[in-house]
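Every chain is named by a letter (A, B, C and D) in the order it is written, and numbering of its residues begins at 1.
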Amino acid sequence: MPALVRVQAEPFDVAAETALLTRGRADIGAVVTFTGLCRDEGGRLDALELEHYPGMAEAEISRVAAQAEERWPLLGLTVIHRFGRIAPGEPIVLVLAASIHRRAAFEAADFLMDYLKTQAPFWKREHLRQGGAGSWVQAKAEDDRAAQRWAEPPSGPDGGQI
Amino acid sequence: MPALVRVQAEPFDVAAETALLTRGRADIGAVVTFTGLCRDEGGRLDALELEHYPGMAEAEISRVAAQAEERWPLLGLTVIHRFGRIAPGEPIVLVLAASIHRRAAFEAADFLMDYLKTQAPFWKREHLRQGGAGSWVQAKAEDDRAAQRWAEPPSGPDGGQI
Amino acid sequence: MKLVYFAWVRERIGKAEEEVSLPDGLVTVADLVAWLKGRGEEYDYAFENESVVRAAIDHVHVKPDALLGHAREIAFFPPMTGG
Amino acid sequence: MKLVYFAWVRERIGKAEEEVSLPDGLVTVADLVAWLKGRGEEYDYAFENESVVRAAIDHVHVKPDALLGHAREIAFFPPMTGG
């Protein structure tokens, strides 16, 4: 079943998205949801503004979602990423993964977040409470390292020996 | 902030529990929820019945939740575990972890589920669709191994060298 | 001392709880189990594979070598299957 | 060929997109960047640290040595910060 992927300006409803995935089913044993929220950074921020690359954003998220569905036995996968101006406390991103057992659901959600952070074409700019646009948020080396955790093990003669 | 721990027969509302933890706050960047649901095992089950040890169940979950709060910088933690008869498709357990960044929220929720599976005094019995009480669900060695992943690294002279 | 039983341990013994007066000389949880097994077939059945049955003293998991001390409530149950 | 720019690459160049006719001899994305840098200060500024700017051809991430081929849309942007 292909993942449900949406890129939108509007807020999303985690409960409704979960119901959409699970209602009427009795084969799902585990649902993991990740919600990423806008922080005010200790009162410094008035909002985050998310610029995105329309078309590529959906394509890239769908590509990574398909990888997750190939790698883990998922019974449902939803990814929603917002763009535009987002106030502190509001949700930015949702990943919802369902499976028979918890391990697949946890790992798939974790994997998707690491790849969204480093591969999905979105860029955050700060808007400051003291007025005016602040700077573009810088990419973190820590996020690249997190994404590298998911690299497939080498498949050569010594593959999987580590 | 101590975790919110509840052991109850009634269903729970993930959205309401999430709102309770996050509403009015702008310091939370990541919320991970895990929901464990009753499966019908391919149509074989009419329900699961969860027996628990009142008093110890709450105490044990609170103890493990406190460990998680010591180990990860959490901004909120909710654990709800149901008992009694639960129909396929219905939720059994909820873990909700909030933090500034996603890593802590993912790991804390994952840790709590592994410990709930192996340490919280609950026992599942199957009720069969063809009638009558089935057998007690057997503990899985796989769950013990999952819980062992979280053992603290050795603190001797070679600790952390692996 | 109050003893409580859960899941198939409860079913095999045929009761959920009981008050017992322990004889002198019982020091550990393992001593208590050995004594219970001498009380009848139902206990022998419940503890037929002793290493499988778990114990808790006053709501805290313990090993068979744990001291009974001044325990108020001792519980016996199968490996947990919650979550 | 359509070029599109995002975030601070867009701001430095001063436009979100443009149509360009490429001269002969441009084979890779790196060739295209070198040519753009010769078009004016704003491009030079946007690509001052070339290794930081990412590229995509027709919505797919590519490296600087990727071939331009029959690309319809080439995008340049900073490292992503979504999620």
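Points to keep in mind about this one:
Simple rule for what comes next: contacts are C-beta pairs under 8 Å (C-beta built on N, C-alpha and C of every residue); 3 or more make two chains touch, one makes a residue touch a chain.
Given the structure is predicted, the values throughout are model-derived calculations rather than measurements.
Traced through touching neighbours, the fewest hops from chain A to chain C number 2.
If you average the CA atoms of chain A and of chain D, the two centres end up 26 Å from each other. Centre-to-centre separation between chain B and chain C, using Cα means, comes to 26 Å. If you average the Cα atoms of chain C and of chain D, the two centres end up 72 Å apart.
Separating the CA-averaged centres of chain B and chain D is a span of 48 Å. Counting only residues that touch two or more partner chains, chain C has none.
Within chain A, the positions touching two or more other chains are listed as 36, 113. The list of touching chain pairs reads A-B, A-D, B-C. Residue ranges of chain B in contact with chain A, taken from their complex: 13-15, 18, 22, 24-40, 42-43, 88-89, 100, 102-103, 105-106, 109-110, 113, 146.
Against chain C, in their complex, chain B makes its touches with residues 36, 50-53, 55-56, 59-60, 81, 92-93, 113, 116-125, 136-139, 143. Chain D meets chain A in the complex at residues 4, 6-8, 56, 59-61, 75, 77-83.
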